[in-house]
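Presented below are the structures under discussion, each in the form of structure tokens.
Shared chain: chain A. Partners: chain B in the first complex, chain C in the second.
Showing the complex of A and B:
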């Protein structure tokens, strides 16, 4: 399937989904006016990809420095989807990057990882 | 006279520790610009990263609540669809802490539910707020709500004291709603 690349805007993250290589990444900040407009296309692409991913090896980097509460909700839905895909056989690793002095983003990573039973989740502190 | 009048207005803001105060029609673009100015100002003054994040987060949630829920809106279609929401956002420091106050007009019909949500959050300790946040993240959104509940919990989570709030009746249909958060 086609890769999905969306440039970051002032209030939405950069999306870089290289499906052929099995490398996905979200990077930047997310506090858009309408979270569903930003996350809708991302979900659609992920659903199509994971629907056919079977036992592929996939890595997903989250390098987010800030997101608002409606984006947090979208991310929670995304993690539920990722855990299902991993439960169905996809060998999925999530890397959650946070700045070493940023307790908020670290705590979000811990919160999201608590609900995951099939995804390999790494909390990565960046100096 | 003019300078005297506005100097006294400015002096009053300064005396209350106000860094900036915006009153009028808010849009997402204004939110973005004010938010950036706020982060730059705090960073220049060496506030720690975690404090800057908390203040910024509360500011964004409060401003987006005004944009979504203010009962005073202007909308129209002048080549492109425009919607502006009226309200007030004030940020300042007192007793070595940052505070963020937002205010806007709400419909009387929405007052009981908003009051109930805020009172519930006031009754919770830090761990309970965190658990409630996670529970609400997993829930489907309430009808009529574009995410207000989770936004208020995010605010309560970043606050270092219980959220203060008040409603002042304007007439039978409307209240002036105000909320103050200390970081």
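Showing the complex of A and C:
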């Protein structure tokens, strides 16, 4: 399937889904005025991809410096989808990047990881 | 596709399933049906509350983001403004330095012009007289009166030429002092009390001649790492200032120097004479270059200006002058042990 690449805007993250290589990444800030305009295409692409991913090896980098409540809810939904895919056999690794001095972003990562039972979750501190 | 995206998709599906379940409980006792119904109602309310919270929170976060952006913009503007202010200040300081240098050079030129002019006209007068004498000599027609007049002229003009050239040379020396090159003056460690005593000893002839008494109160063992040459010149200029301005001829007084610790890393040196003091009108100008009340009788107006430059320059301290009416003159300098 086609890769999904969306440039970052002031209020939305850069999307770089290289489905062929099994490398996905969200990077930047996320506080869009219309969450569905930003996350709609992302979820559509992920649903299509994981629907056919079976036991592929996939890594997903989250490198977010700031997100609002809608985005947090969207991320929660996204992690639920990822955990289901991993439960169905996809070998999925999530890397959660956070600035070394940003405790809040680290705690968000820890929170999200608590709901995951099948995904390999790494917290990665960035200097 | 976009319109189908719903943040609370999962919750809504759960609610639908719960509604289905409730409808299949037709046969259950009424209490169970009521209980399930109120649970579903509570969950539905909770989802609505979540939506509302997310919406409110999004709005606050968006506001926060734009406030932050505005703040960042304002901060950048303020920093830019500060930069230009600093640049403007720097160029003002440079302009001020140039202006004061200009004033200094102008003052020096003006000061030197007078003795050089006098020496020049004396030399010219002497040359004329010599030419006339040579003519009389060649005609073998010199009277005793002519010769005596010529000798008087020679004595007067050479005396004036000498004294005015000395005056000019002294002015040039002072000018060199004003332009003290900070890098060329030596920095070293020295014992303050010992050094002040040495400086006072070197001025002994001046002090003894006028019969003044000097008192020094300085704690032993204060070691400075500074510019002794500058400090010596400052003290010397204080003393000369007192000798020239403080006392009438034949009048003798007491000069005292007191040194105290000022905080951990500085000393306060207080210099006091019991002379006639400085009129209040002049007190604000004594550190200006070429300010003098003794222009006619040898003052250059540079002594205290040199003091100011040395204390605020190489010695990295501050200097202040006071003259309580009828109580002489008091100079205070506060300088770091190691600038």
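The rule we apply is simple: the second predicted complex is superposed on the first by the 127 of 127 C-alpha atoms of A that agree within 3 Å, B and C clash if a C-alpha of one lies under 4 Å from a C-alpha of the other, contacts with A are read in each partner's own complex, and residues count from 1 in each chain.
Basically, contacts are C-beta pairs under 8 Å (C-beta built on N, C-alpha and C of every residue); 3 or more make two chains touch, one makes a residue touch a chain.
This structure is a prediction, so every number in the text was calculated from the model and none was measured.
For the composite obtained by overlaying on chain A, chain B and chain C cannot both be accommodated without a clash. Once the two complexes are overlaid on the shared chain, A:70 sits against chain B and chain C alike. Legend: residue contacts after superposition of the two complexes on their common chain; A:111 is shown touching chain B, with no touch to chain C.
Legend: residue contacts after superposition of the two complexes on their common chain; A:33 is shown touching both chain B and chain C.
Touch criterion met: A:11 reaches chain B and chain C at once. In the superposed pair of complexes, A:41 makes contact with chain C only, with no contact to chain B. Once chain A of one complex is fitted onto chain A of the other, the partner contacts of A:103 are limited to chain B, with no touch recorded for chain C. Superposing the two complexes on chain A places one of the chain C stretches 25-33, 61-69 or 223-231 into chain B: stretch 61-69. Overlap of the chain B and chain C contact sets on chain A: residues 11, 31, 33, 35, 68-70, 73. The touching residues of chain B, when paired with chain A in their complex, are 28, 32, 48-50, 53-54, 56-57, 60-61, 64, 67, 130, 134, 137-138, 141, 146-147, 150-151, 153-154, 158.
Chain C makes touch with chain A in their complex at residues 1-10, 53-54, 57-58, 61-62, 65.
Per the touch definition, chain A reaches chain C in the complex via residues 11, 31, 33, 35-37, 39-41, 43-44, 68-70, 73-74, 77, 80. In the complex of the two chains, the chain A residues touching chain B come out as 10-11, 31, 33, 35, 66, 68-70, 72-73, 76, 99, 101-104, 111, 114-115.
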